[in-house]
Every structure is written in C-alpha cells, then in structure tokens.
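Here you go, one structure.
Every chain is named by a letter (A, B, C, D, E and F) in the order it is written, and numbering of its residues begins at 1.
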Amino acid sequence: MISFGARRMHPAIVPMIERSAYIGGCDAVAVGKSAELIGAAPVGTMPHALILVMGDTLTDTRAFHEIIDKTVKRVSLIDTFHDEKFETLNVAEAMGKDLYAVRLDTPGSRRGDFLKILQEVRWELDLRGFKDLKLFVSGGLNEEEILRLNPVVDAYGIGTFISNAPVVDFAMDIVEIEGKPLAKRGKWSGAKRVVFCPHCRARKILPLKDKQDLCTCGKAYIDLLNALLSSGKAVQTLPDPRPIREFVLGQLASL
Amino acid sequence: MISFGARRMHPAIVPMIERSAYIGGCDAVAVGKSAELIGAAPVGTMPHALILVMGDTLTDTRAFHEIIDKTVKRVSLIDTFHDEKFETLNVAEAMGKDLYAVRLDTPGSRRGDFLKILQEVRWELDLRGFKDLKLFVSGGLNEEEILRLNPVVDAYGIGTFISNAPVVDFAMDIVEIEGKPLAKRGKWSGAKRVVFCPHCRARKILPLKDKQDLCTCGKAYIDLLNALLSSGKAVQTLPDPRPIREFVLGQLASL
Amino acid sequence: MISFGARRMHPAIVPMIERSAYIGGCDAVAVGKSAELIGAAPVGTMPHALILVMGDTLTDTRAFHEIIDKTVKRVSLIDTFHDEKFETLNVAEAMGKDLYAVRLDTPGSRRGDFLKILQEVRWELDLRGFKDLKLFVSGGLNEEEILRLNPVVDAYGIGTFISNAPVVDFAMDIVEIEGKPLAKRGKWSGAKRVVFCPHCRARKILPLKDKQDLCTCGKAYIDLLNALLSSGKAVQTLPDPRPIREFVLGQLASL
Amino acid sequence: MISFGARRMHPAIVPMIERSAYIGGCDAVAVGKSAELIGAAPVGTMPHALILVMGDTLTDTRAFHEIIDKTVKRVSLIDTFHDEKFETLNVAEAMGKDLYAVRLDTPGSRRGDFLKILQEVRWELDLRGFKDLKLFVSGGLNEEEILRLNPVVDAYGIGTFISNAPVVDFAMDIVEIEGKPLAKRGKWSGAKRVVFCPHCRARKILPLKDKQDLCTCGKAYIDLLNALLSSGKAVQTLPDPRPIREFVLGQLASL
Amino acid sequence: MISFGARRMHPAIVPMIERSAYIGGCDAVAVGKSAELIGAAPVGTMPHALILVMGDTLTDTRAFHEIIDKTVKRVSLIDTFHDEKFETLNVAEAMGKDLYAVRLDTPGSRRGDFLKILQEVRWELDLRGFKDLKLFVSGGLNEEEILRLNPVVDAYGIGTFISNAPVVDFAMDIVEIEGKPLAKRGKWSGAKRVVFCPHCRARKILPLKDKQDLCTCGKAYIDLLNALLSSGKAVQTLPDPRPIREFVLGQLASL
Amino acid sequence: MISFGARRMHPAIVPMIERSAYIGGCDAVAVGKSAELIGAAPVGTMPHALILVMGDTLTDTRAFHEIIDKTVKRVSLIDTFHDEKFETLNVAEAMGKDLYAVRLDTPGSRRGDFLKILQEVRWELDLRGFKDLKLFVSGGLNEEEILRLNPVVDAYGIGTFISNAPVVDFAMDIVEIEGKPLAKRGKWSGAKRVVFCPHCRARKILPLKDKQDLCTCGKAYIDLLNALLSSGKAVQTLPDPRPIREFVLGQLASL
C-alpha cells in the first residue's frame, strides 16, 4: 500500500501526514520530501498527464521503458482512453516480460463493480499466459473495498481515505495544585501514571503515588508518560519512523 | 421506449408479453412475430455480435450504412470494445450527419454512475457540434433509473424489467345459485355489475339487479363486464392493440 | 405438498410450470394434463362449488363418500359456511373412520392467526378421540408460513407462491471467433467448460482447452455443458421428471 | 363508544377508571357501580355465556327479545358458533325490524382483515334490505384500528386499550422556604401560578407574586391551581363528570 | 434494590403494588403500610426536603447522625445543591467512618453520562481512602441502565419503572356445560388441568379427565389450578410473600 | 460565536483555520496570532485553571474584576465546582450590575438536557431580577444543538465542530493539449470558464471559447477563474478577511 493523499491537505503538514501514514501501515509514500523524512525512496507510477501528452498508452509505456532507470519497475497506467480489458491485453502483449504491473485508476462513473472488472482482466490475462503480471489499483478506495478486492489485487495507492482523520477531542486540565488533587467537575483529580504491560498489553491509569510495578499477569509495567521536552529542550532522541511502525503493526497483530 | 425483453420468457408466450408491453406504453417491440401481432414494424439496433465479427465499431457502422435500406435510421452500438466517450467521438466524427444516434449498453461492471457517463458524452458531443446526435440506452434499467436519466437520454430499450409481473391472485367462485345469492365466507354473494363512468372515471360494484344508470357526476355508466365468448364462440370482435393502448395512456394521464 | 397454482398462469405454459413444481419438490400436481406429463395421477379435493350447490358440508361429504371410487381418500373441505372448529367436529362425528382428512382454505379476512385456528381444531379433535384425522391446508401460503404451521399441519396445497419466479437475467454473447477468444467489455472471453464434481459438489469454470479432469478433492469432474440438439435434431433422450426431482432433492439435502 | 375494560384492573379502582374513560370521551360504561358514579345507566349486550347455555344464537336472541324490557335495544352477539356472515343473515331474517344491531366480537385467530369481514357483512345485509341494522364491534381494538373501521362501524366496545395508561412521572418538591425561593438542582424555585386563557387556550407558568391578569390575546387568565382540600376538609364541590367531559371534548375539538 | 414507586399509583392499591415488587425481586419497600404487609421494616433515605430545610447537606447529615437511631445506616443524599463529586468528598471527609453510603438522585437535566459521574466519584473516593463508602443511586432508572451501572453501584431505588405493567389481556369463558365440552370459536373447549413439573419445570395443559400424573422426565406433576375461595370462603391459607418471592427468584435462576 | 478550536489542530495551520472560521461566520477568534491575521482583538473568558488556583468562583470573579482592564466585559465561568444554578445565583448576587455574562462549559457527564439546565438558570435569574445577565455556553456543541439552544443562549464558544472538515476530493487533470480538447475517461475535455451571475446567483460551466456574457436573467456574468499567481509572482492583492466574510454571509442569506 502506497500513500497517495498528499495533494489533498495543506502543504505545510503533508510530510507529517505521510510520516503518520507510513507509521500506520503504508509500505511507502509518494512525495519526495515525505520519503526523505521516513528515510526511504518515494514510490509512484506514470501519471495520466504523460499518456495524454504522448497520445497513447502503449507509445507512452514503451517510451517510459526506454528512458527510465532499469531499477524502477514498469507499471503501465491503463485506464486513460480505453476499456481496462482491451488496453491491458494490448500493453501486456506488446511489452511481454518487461512489464511488471498494470495500474487501474478506473474513474468513478465507469466503476459499476470494480471487483468484476478486475476478475475479468485477471481471467483474460491468465487465459493468455500473463499469470505473473500484477494488478495495482487506486482511486478513492476505503477499508471495506480493499477487503473485498484483496483476492485479486496485488497493490494499492490510497489517498483521500487516509489523508485526514476525525478530530480527537482532548483537553488540558489542572488536576492537582501544590500536590493536592483538585479538578473541575467531570475530570478525575490527582496526578496520574499511565502504565502499559508489554507482555499482556493491558493499560491502566493509576494515581501518580501508586508505585505498583507489576501487572496482574506478573510482568513489569512500562510508564507511558515520559518527558520529551524539559525547559524547552529535547531530553530524548525520537525513534525513527520504522521502529514506531513496527510497534504499531505488532499491536494490530494482537487485536 | 422499445420492448427488449422477449428472450427472457418462454417462447410460447413472447408475442403475448410484447403485445402487453405495447398496450402498457412501449412505442415499439423488437421481435418480428410480436410486431406482426401489433400491426407495426419491429424495431432494434445492430447487435454486439456484428461488431465482434467485423472487429471494430467504425468499420461495422460504415458497413451497416452501406448495405442497410436507407429508411432505417443509423444507430451505432458503441460500448463493445472501448470507452463510451472516445468511441462515440470516433464514430460521430467519421459518420457526420449520416449517424442518427449512438446506443450505450454499458455493462454493469463499468456502470459506476451511468448519468455521469451520459452527461460527459453529451458534453463532448456538444463541444464538437454534434448537438443533434441522439442517445439511446439499454441494459437492465428500471423505472427509477429512467426518471433519473430522462434529462439527457432520447430513447430506451427495456427488457428484464417489463418481461414479467407479480402474479395476480384472483379466484373463480360461485356467488349465486338459481338466482339466489350464496357465497362462501369471505366472498360477497350475488351476481354483480361492474360499472365505469367515462366522464369522472369512477368505478363501482353493484348488485346485478340494481339498474342504476347514472354516476353521481350525472353522466351514464358503462358496464365493464361483457361476454366475449358464448357457447364457445366469439360474440365480439376484439379491438386492435392501438386503441387499447390509447385507453391505457389516457388513464395514466388522469392519475 | 400439492401444486395448486395452475389457473394463475397462461394455459399454454401450465404443464411446464407444474412439471417444474414437481421437479422442485412438490409431491403431486392438480391438473390432469400436467400429471400426464409427469407420469402420475392428478391430486385434489372437492371444490367449494360442490358444497355451495349441495347446500351443506355434511350432505356434500356424504354424497362424495357414496359415489366416488373407494381408492380416493375422503377429504372434506370445511370452511365454506361455518367456523372451522364446529364444522370439523360436525363432519368428523358424522363420518367417523371414513374420513381421512379435513381441508381448511380459510379466507384471508378470517385468518387472524392461522396457527391458532389449527391448534384449536387439533385440540378439539384430539379431545374427542379423532387423533388420526389429518389436517390439509391451502390458501396463499408461502415458505415462512409453512415452516410455522408444520408442527400441526399434515399436507399443503400451494398455488400463487410457486406459479411464478423472478426473471433470470441471462444473455447470449459471442466469446470466441474462429478459435480466438474475443468478447465485449464485461464478458469473459474464450469458449469454456463448466465442470461439476459429484463427490464434493464443487463447480468450476475452465477455458475449453483446459483438460483438467480431477477435482481438488481427487474425484473426476463431470462436464455440465452437453448438446441436446444438433442441426435441429435431439441427440439425447431427456430423463423423466422423477430422476431430475431426485437429483434436486439430493442437492437440497446437502445444503 | 362504550368502556368495556373494567375486569382487567384491580376492582378497588374500577369505578375511578371508568369515570375517567367517560370523562375522556366514552359515551357510556358497562359496570353498574361505575355508571352510578357517573349518573347514567350502564350499557352492554348479551354475553357469549348466554348463547353457549341456550345453545344457539337465534334461540338466544328470541328469548332475550321475549323477556327483556322493551326499552333495551336488541343487539345480537353473532360470533359464538358460526361465521359472521351467515349468522348475521340468519338472525336478521328471523328477527326483522325487532333487531337493532349485531355485535361482532370476532376472536383474534379468525380476524385476518376485520374491515373486510365488516364490509362483506354490510354488503350482504344491504343486498337483502337490512340497511338500518347497525354494526357494533368489540375485541382488543385500538385507536388506529377504529379510524380504519369507522366508515362501516356504528358502535364500539373498547376494553384493554383504555383500562391503563403510562405512568405520569411527577414529583413533589419543596420550592420555597419561608417565602424565599429555594429548590434542588433541576427544579425551578419559587411558588408559582399556572394560568390558562379560556379564549386562546394558552397556558403559562408565572411566579406566584406576578399578578399579571391578562393574556397576550387581551382576555383574562384563569388560575388553574385551586385548593380542593384545606386542613383535611373539602373546600369546593367537585363538578359532575358530565361538565368535565364537555370541557375535555371542547379541548379535543380545538386541537 | 428498594421499591420507590408508591407515590405514582392510586393509594388504594399501593400496598398490593409494593407486595408484588417485593415478590418480583426487590429487597425492600419504602412505604410503611406496604412493609407491614410483607412483614419487614420499611427502607429509605433522608429526603431532599430535609436538606432544603436545613440549608446544607453536611449540616443535615450531621443532624441526622446525631438524632436517628444507631441501627439505621447513615446514607447522605448528596445531589441537592452541589456537584456530586465535591459534595461527596465534603460529606465523606467530615463524617468519616460514620457514613455508610451516599445517594445520588442526579436530576435528568444534569445526567449526561451517569456511569461517568459515578466512576469519577468512585475514583475520587478511592484516591482519598474511602474504599468502603457505598454508592446508592435512584431516579428513573430502568433495566438496561441498571445493567450498565452495576460495575460501580452498590444499591438502587427504583420507582416509575416498576410501579405499573402492561395490561394482561385475559378473558373469562364458559368451556363446558353439564360436563360436555363447549366453547365459542377461538377458545379451546372442555375443563382443563394445568400441570407443572417441579423437576424439569415443564408446564402442560391437559383435559380435566386426563389423569396423567408423570411428566416426560419421569417425575410427578403438580396441579397449578387450586380453589382458594369456595362459596365465598377462603379454603386455603395464603403463603407469606417471602416463600413466593423465593419461588419466583428460583424460576429466574433457571432461565 | 467565538472560534475556540485552535488547540485541536496542528499549530502550523491554526491561524489559517481560524481565519477560515472567521470568514465562515464566526464573530471573533480566541488565538492572538489568528486575531492579528484577521485584524481584530482576540476574544475569550477566564479559564478553569484560574478558578482552580483561586479556589472559588466568586473570589476569582472578584479578583478578575479588580485587576483586568475595564474595557473587557466581565464573564464568570461558573461550572468548575458547583451546580450551575446555585453558582450563577451566587455570583450574580455578589457582582450585581458589574457582571456582563456567565459562561457554562458544563462537562458532558453532567449534561443530561443542556436546554433544561439553561432554562432553569434563566428562570432563577429572572425571578430575582437579573434579566440583563447574558448566558454564554461552550463545550462540544454542533449545529443541531445550537439551533435548539438559541431561544435561551446569547453567545457560543465553538471548538471541535469547526476545527476540521471532510476532505474535498478534487483532482488536477490535463483537459486540453495544444488547444485541442482531450481528457481521460470520466473527465470533461476542453478548457473551461466558470461564470457567476451576481444578480440571480446562477453558476455555469462553459467552454473557454464560449464568449457568452449575459446570464439568462439578463445581467452580466463575472468570471470566477482568475490568476492569483503568474510566473511565481502575485498578480492580485488579496482582499481582507472582512469583505470575504461579508460575501459568504450574503450567500447564506440567499439560501
């Protein structure tokens, strides 16, 4: 899965959004600046603009193949002018083993049942021996559609659906004054610890003075609240996105 | 609107079904035998099979134009191989004023928003001056979809949706014996008249002996129950489908 | 279960509809012509008309018993004039062991809770020792109602609900020309085999040239597409309805 | 409409419930003690028990007619043994002008569509000239069903539906102490007036000290809170149920 | 759970309603007369009126503690003037071990999420060492809300929700005359036994003459229909409410 | 209405979000930097932190009144420790005419029916003569709740609900190459004008070459697409937020 949603948010925060997309599970990002922040190469395919200017998908795919560095996998974008089935067969037969994948970005007005289009394309490719050619899809897909398309799709470019999120409605409140618990109505008073057990993944809120160190499963808690800034200075080095992403995916696995 | 549903019912009753479609409001029917029953020429367009065999929509449209009698309007079926937009423009530019309409039978798996496809095709045609070229559509359309497409569509071919109907749950019962009203529980006893006022369109059920002749609106009733067969012989000539259809459409107009 | 829906469809296709009802699971059919097609005797009960003409259910049931061949089971139709409970008791007490069943065709306007009526009738019969008298019911019943009535009903006459079916929306398309796969957008190209495994009941669509003979369960496939007509002549003898019906019921059992 | 619900509530409060039913719009009540409280004669019809003991509806209706005081209208209860249609015709033909109405208390298990049963009975009566015979119905009817039956029914006996009501969730609270407004959180403090304008029917809550006497429509308010008891003694004579009922019906009319 | 709904029904039947509440599972009732009928002491807490008159929850709680018999547990009603959190802490810190519980009767307009208020109060109490102080809640609670609050609440006062019930729509009918089964349409005829198996808890309706004594599980039936009155005199002593309640709760346990 | 949502978005785009909130209809914003961008003074009230530190709402309100510049209106935040009703009366009676408004930020767990709380507070204030004291509310309110509260509320602070918006799913596409219309399937080809009629507020999309200048209402169109940047340089001066806001509110008025 590649993060494709950068152009839909304010440019000032795009690198942060794509870094979050990577941490949340995307395999790569499409914007150069964002990829740099992550420490990886940006990923994408040829755009529709190139095909419109070249005038024809096959001409364009051949030109791309001739000029672009051989380390880049050849992915032909095949929905610009013609029906997906015939254009895919046309390009696959002309390019043969040089073609790694076709990308379908089928416009919404033509996408009656995207799964059926993809199954038909897969059938026609297999019938002609192109069993290794991959299918890459994009275009306003969300998490329900991805689950449905998974049996036939090899890769996704996801934009709108992961470029924003519901606002988290948090608040900052005083809960203790000179060591004495005090909070407005509706807030629990007293300084607190938030502890996490890396073994059984339990989380618990405790009074700060509660020095309890062991989870009910017998293993030691980790404190989740740690100072990152002190007197305006960073007091910890932030981990790279990669280990954070691994921690997130580990949590998903345990759901 | 053309009736296109013949192939989906048992051949023995197809002419009756298409006669009913005509009476119920269709402008024409597609099967020769049915058209004969109605007393009109059958109506249709070139099939996908022709284009598949000719190998190309434009080649096919040109051949059709060369050979078919000039009284038949030229309607090119443009969804076989390519996207509707480009194929329409391709045929329209090649055929010019000789082309009367294009037919879109867009398959379900490509029909994300059929109205948007049709608006886009209309825009592209108008932008290039083909303001008179008609749009004919078909393919599993029902009465809600037709209302939505009406602003941009000129003609329809409708099949599945009008080739069957819910069973009418009627019964045949004895309601009078030797002139004496008698009926089982749940049935109204006594021979009856069903009368209709052609002026205010009221209908009423009366005892057979009730000789009331005038509607509450002051005009005379017509009796709706009339013998068509007597001792196994026809005692009336059936009207042609055309006047029946006009009566039906007149009723629709008064709803 | 007896098929009772013949009068609600066009006479030209009634025998075909009742043959299908029989194949689909009915135990018998009511129309003589249809029964002949199946190779079995038609089945039914006395009609309401007989009771209306005789003037009384008991008089009628006695006359039926006196005249009709002894091989026909005596089933009294008991909802014509009176309430089901009292009429059933009246006929049961007068006919004794000669009566095989009563039929309730309770009209819709009196059928508040048909199950409660049937339970009350069953109670009153059992209370008086008529534990062997069967209950036969009819009148606009569908599959949900039958499941609810099953604990107390012995036989059904089903009409409207099985005399029609939703239209199957199929199409006939060219998928190969001179041995080369070719199909319009939305159709899978190439001639195909449809295979079926009688062991694990799997079905699969394969390219015609794929000679795969074994199912993944290890048993041999059967080809489901076989020519019945060739050059306008029958090349196979059709099986009788009975073995087809057994095949269908076998499939139901494996659901 | 007659109140028939007495037996479904605790006997200790039945007269109060029937008095409320009368005030709320019933034309009469069925229990002697309740009718006395209202100052009117109780109203009802013969019971099923009488017909069961006499053995037959017609015998029973004739006996009733022979013995009961001539001031009581003859209403025959016709659903005990037979179908409503035939029993009604049977009694109507035998009693002629002496019969005022028939009562249908059709049991739930036979009441598929009560309106259709009633329309069929009305048709059969009219067909035979009994246009003046009234239809009285009873048996678990609610306000939606009554609206549906109104076009054909002359009178109703209503029980369960008006013998109980949702609990009104009120509370008694201190709102003023020694003349000073004081109330718990969630209650408005201070003694209050509730005023009503008999002209425009507006209601308003005012502080007790607010001496405002005129409604915004210009007419004088009436105070709705008046002492009925003082030091344990009644200080007002309660109005009879009749004027209260008229006030209620007047309010209904202005909805 | 304490029954608090007495004031919402007619005084004449309050003791019966509260006796039923006790039998149905309440642990105690609030009205003196009702408690007498049950044979137990009435249960309640101080009212809002007392706090309003004393002017302050703590003053009031201290006065209550000073004067009321020591056998009565001290429960302070803490929602009159102030927020639940601060008032609870105020009273708990002043009363210490003398306080048994606090009662929250939070008014509807302040009860956004009652569970969150209760969790917050519990947290603040525990943070300060009042782990034994109980939470008693009241105010329009129903069975769904109780299930949600159970993890944090110790006791409930329930009123409106158990002070009324849907009307049970029963009827009294003649089913046998001079030993012969006879009932109107819709009623099962014949005198009946209703038997119950205390072992497997099955219930069954049998004809009175059916002397069957053993349940299908092999144990003996008990007859559920027994005369309580004969010729106007009691012929059995009624059991106390306590054993009836135990029987009811036993049934609940076996659901 | 004051924009209160700044803290819930990334700090880098907060001034842009608050500028948009102002343009969209807010009367003021709470963050200093944002207010500067708009060209107006920031607006807010005392925070809960101040009351928690001072220990008491009235002490805090008096201190605020003593120290803060007289041009700032006195708004007391009254939901920190106590119930809204009593705290409001307490502050209103102590401050008298010096108090301009009270602010209720009632926490969610106490907000059963916010409208009822506000009506109760308004009643108690009016009963004691504080008819001019304003009610200012905040805390997770959305557009439906505001419509409901409007009859009793004078001002709002709105945060979460206006600090984010659904992603607008736009795309950038080539629609013309060297003056020739060309667009991928699903996009309308050709350069376009978007015109707007300031008189009848119609909007229309036209081919760029369509020089039509008059709306169907007879007035002149305005072109909505204008260059703001050319070769990287601003070619227009942007209007201040105020005239943009007025244009937006004008449009709202014409809905």
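Here is the rule we use: a residue touches a chain if its C-beta (ideal position, glycine included) is under 8 Å from a C-beta of that chain, and two chains touch if they have at least 3 such contacts.
Fair warning: this is a prediction, and the values are worked out from it, not measured in the lab.
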item: Smallest count of steps, each to a touching chain, taking chain A to chain D; value: 2
item: Shared interface numbering between chain F and chain B [over half = same, under half = different]; value: different
item: More contacts between chains, B-D or A-F; value: A-F
item: Inter-chain centre distance, chain C versus chain D - centres from mean C-alpha coordinates, in Å; value: 51
item: Mean-CA-position distance for chain E and chain A (Å); value: 55
item: Touching two or more other chains - residues of chain C; value: 81, 83, 86, 107-110, 116, 120, 185-187
item: Graph class of chain-chain contacts, one of line, ring, star, complete, other; value: other
item: Contact pairs between chains, per stated definition; value: A-B, A-C, A-E, A-F, B-C, B-D, B-F, C-D, C-E, D-E, D-F, E-F
item: In the complex with chain D, residue positions of chain F that touch it; value: 83, 85-86, 116, 120, 123-124, 127-128
item: Residue ranges of chain F touching chain E (in the complex, touch as defined); value: 81-83, 86, 106-114, 116-117, 120
item: Sites on chain D touched by chain E in the complex; value: 5, 7-10, 12-13, 16, 48-49, 51-53, 79-81, 107-110, 140, 160, 163-164, 166-170, 172-174, 177, 182-187
item: Of chain E, residues touching chain C in the complex; value: 181, 185-190, 207
